[in-house]
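Naming follows writing order (A, B and C), and every chain is counted from residue 1.
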C-alpha cells in the first residue's frame, strides 16, 4: 500500500476566476475515491489537471514518486493514468474495435496491428461490447458509448483510472451492471477516482469521498461520514437533489 | 452498367495516371514534355500537401514558401556544388523552415494557421526581394545549370514515386493511425498517449521536404528566377485546389486532381490568360458548394445514384 | 508634423479597414478573405464615378454606404449561410468558409483584372494643401482622418449604447446563449456582414482619394486588416483604432527612416510574431 496519487495545494484560475482553490488530497493504491460537489465546484477541473488537459496555476500533483504537474496529457497517459470524459468523446467515424485499437497503439505496454486483435476483443468483452465490435461508434446508444469510452481508457493499461460521471444517465439494471463493472476493475488492481452525482453508486463503490464546493475542499473522509456531514448537506441543498 | 464503369475509373485511374505521367520522356516532344514536367511537379506538391493537410485539417498556404526555398537553394548553390548535395540542402532548408513554423503554430487554431502560413510565404518573398535588391544588386538572377528537361522530368518522377511509396507506408503505419485520430479528435488523441504536437511538426516537415526538393529540381528549368516567380502565392492556391479537387482522403486523389486541373489551367493560360484567376476562383466555389470531398467521391456518389435508378427502371 | 499627419491618415485607414473585418469575424466567426478585394472594388467604383461620370467622391462615399451594406448582407445570406447550415457551425465551417471566400476573392479579382488590368490607378481630388499650425497637409488626408474618426465613434456608440449593439455583443460572446435571450445569431451575423460591407465600401472610396491603387493590392489590404484585427483583439473597436494607429505610424516611420522596401516585410514579420506569441491580441482581452 502506498500513495498512488497526491494533490498538494493545487489551485487553478482562468483569468480572474478561481476554479480550484488550494486543494490537497491523496489516494492510496487500490482505493475507489469519490470526488463530489455541486455543479461548477471544480471537480472536472481537478480531473483535467491530473490528466494533463491543463496545468495547475500553483501546487503540485504527484503520481507515486513522479511530479506530473507540468507534464502534458500524452506523457501522463504513458505514466499510467487514464480518463473518461464527462461529455463522451469517441471517434465517431471509427468502429468500436478501431476505437480500442487506437488506444492500444501509442503506449509502451500496448500493441499495434495483428498483435492487438486478441486484446481488443478482451477489452470489448470486459465492457460488454464484443458483439458490436464492428459497429461505428457514431451509431452506438448512449450507454454503449460510455462502455466504449471505458474500454478505451482500459486499453491504455492504467494503474489509476479517472472516471468523470461515467455512471450518469444509467438507471436500474444498467446502473447495477456499471457498479459491478467498476468493482471488478478494483479487484484487478486499479485505483479509481470518480466524479459522480449518483448517490447509490457512491455509497456502493467509494471507500472515501472528497467534497468540493465553490473551488474549495470542504470535507474528506469515509463515505458514510462525509455524506452526513452538515456542511456537505448544506452545499448540496438547492443546488443538487441527490 | 454505368456504376461498374465509375468503379472501374476509380480503381483504374491511378494506374492510368501513373502510366500517363511515366511515359518515357524520350517519346514526347518539347511542349508535351513541359506539360508533363508541370504535372509531375504539381503532383509532388499536391500529394505532399494532402499528406499533412488531409488528416490534420490544417490548411497550409506555406507550399510556395518551401518551394521557393528549394528554388533559391538550387539557384545559389547549383553552380558550385554537386547536384545531390544541392537537393539535400534544399530538403534540409525546407525541413528546418517547416519545423520552426510548425513549432510556432502549435497553439494556433485553424483559421490563424492559414493566415500564418500565408504570411510566412509573403514574408520570405519580401525578405528575399530585399536581399536581392540591396545585397545582390539585382532583383532577379540567372540560373545557368545544364540539366536537360528530360532529366528534370525523370528526377521529378523519381521524387513522386518515392513520395507515393512513403505515403502508402505511412497510411498503414502507427503514425498514419495517429494522424487519423488527430484529424478526428485532437483531445482524444492527446489522452490516448499521442504526442500530437510532435506528430504535427514532423509531418509538416516531411511534406515540406518534398516541396523544397521539387523546387530545387525545377530551378534549372527556368534560366531566370526572381522572388515574384519563386514565391508566387498562386502556386500555393493551385496546389491546394488541385489536392482538394481530387480528394485528400485517397492516396491518389491529389494526383487525379493535378492531372485534370493542370491540363485545364494549361489550356486556359494559353487561350484565356486574363480570365485564369477568375476560373481558379470558380473551381474553389465549385469544390465548396458542389463536391466538398473531391471529384472521385463525387463521381462514385453520382454512380450510386445512377445505379439505383437503373435498378428502379429494371 | 507632416510625418504625424501621414501616420494619422494611414493609421486611421488601417483602423477603419480592420473594423469591418473584426466585426464580421468576431460576430459571425467567419473570416471573410474576400475583404481586401471588396476594398479595391470599391476604390475602382469611386474611380469610375469620378473620372467617367464626374461624380464627386464625397457623393460616392454616401452612396457606397447602403450599397456596401447590401452586398455584405447578400454575401452572408446567399453564400455563407448555406455553409453555416451544412456544417452546423462546426469545425468544417472554418475550412469551407475559407475556401468559399478565397474563391470569391479570385473571381472578383479576375473580373477586375479583366476590366481594368494590373496597372495602378489614381485621380486627383482635394489634393491641395491646407495649412494646420503652419504645416501643409493635403486636404484629402484630413478627410481620411475625419471619416475614420467619425466611423469609429459611430460604431463604438452603436455597439455600446444601443439595444442592437448589445445583441451584437451578446452573439459575439456566446452565440448559443444569445439564442436563449431571443437573439437570432444568424440575423445578427448577416447584419454585421452588412455593416462590414459598408465599412469596406467607405474604406475603398477613401483609399482612392489619397493612394494610387491596383488590383494586386487586395491581399496587402486584407493582410493589414487582419494584422490590425489580431493585434487589436478580436471584436474590439477601440483595439482596432489603437492597433491601426500603431501600424500606420510604424509603417510611416520605417518607410521614412529605414527602408521603404522593408515595410511589407516588417508587416508580415510583425504579424507572425503576434500570432505566435499572443494569438489573443496585444491589446485584446483574453477569451
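In the analysis below, a residue touches a chain if its C-beta (ideal position, glycine included) is under 8 Å from a C-beta of that chain, and two chains touch if they have at least 3 such contacts.
All values reported here derive from a predicted model rather than from experimental measurement.
Participant: If every chain is a node and every touching pair an edge, decide which shape results: line, ring, star, complete or other.
Facilitator: line
Participant: Could you name the chain whose Cα mean is nearest to the mean of all protein Cα atoms here?
Facilitator: Of all chains shown, the one whose C-alpha centroid lies nearest the global centroid is B.
Participant: Using CA atom averages as chain centres, what separation in Å is found between chain A and chain B?
Facilitator: Each chain's C-alpha centroid was found; their separation is 43 Å.
Participant: What is the distance in Å between the mean C-alpha positions of chain B and chain C?
Facilitator: Each chain's C-alpha centroid was found; their separation is 32 Å.
Participant: Could you put a whole-Å number on the gap between the CA centroids of chain A and chain C?
Facilitator: Result: the chain centres lie 48 Å from each other.
Participant: Multi-chain contacts in chain A: which residues touch at least two other chains?
Facilitator: Residues of chain A never touch two or more of the other chains.
Participant: Taking the touch rule as given, give the residues of chain B at its contact with chain C in the complex, in rising order.
Facilitator: The contact residues of chain B facing chain C are 57, 59, 104-105, 107-112, 114-116, 118-120, 122-123, 126-127, 129-130, 133-134, 233, 237, 244, 274-285, 287-289, 292.
Participant: Spell out the residues on chain C that touch chain B in their complex, using ranges where they run on.
Facilitator: Contact set of chain C toward chain B: 31, 82-83, 91, 94-96, 98-100, 102-111, 113-114, 219, 223, 226, 230, 259, 261-262, 264-265, 268-269, 271-272, 275-276, 279.
Participant: Across the complex, what residues on chain B touch chain A?
Facilitator: The touching residues are 174, 177-178, 181, 184-185, 187-188, 190-196.
Participant: Using the touch definition up top, name the residues of chain A that touch chain B in the complex.
Facilitator: Its residues touching chain B are 51-53, 72-75, 77-78, 82-83, 85, 89-94, 101-103, 105-107, 110, 112, 152, 155-156.
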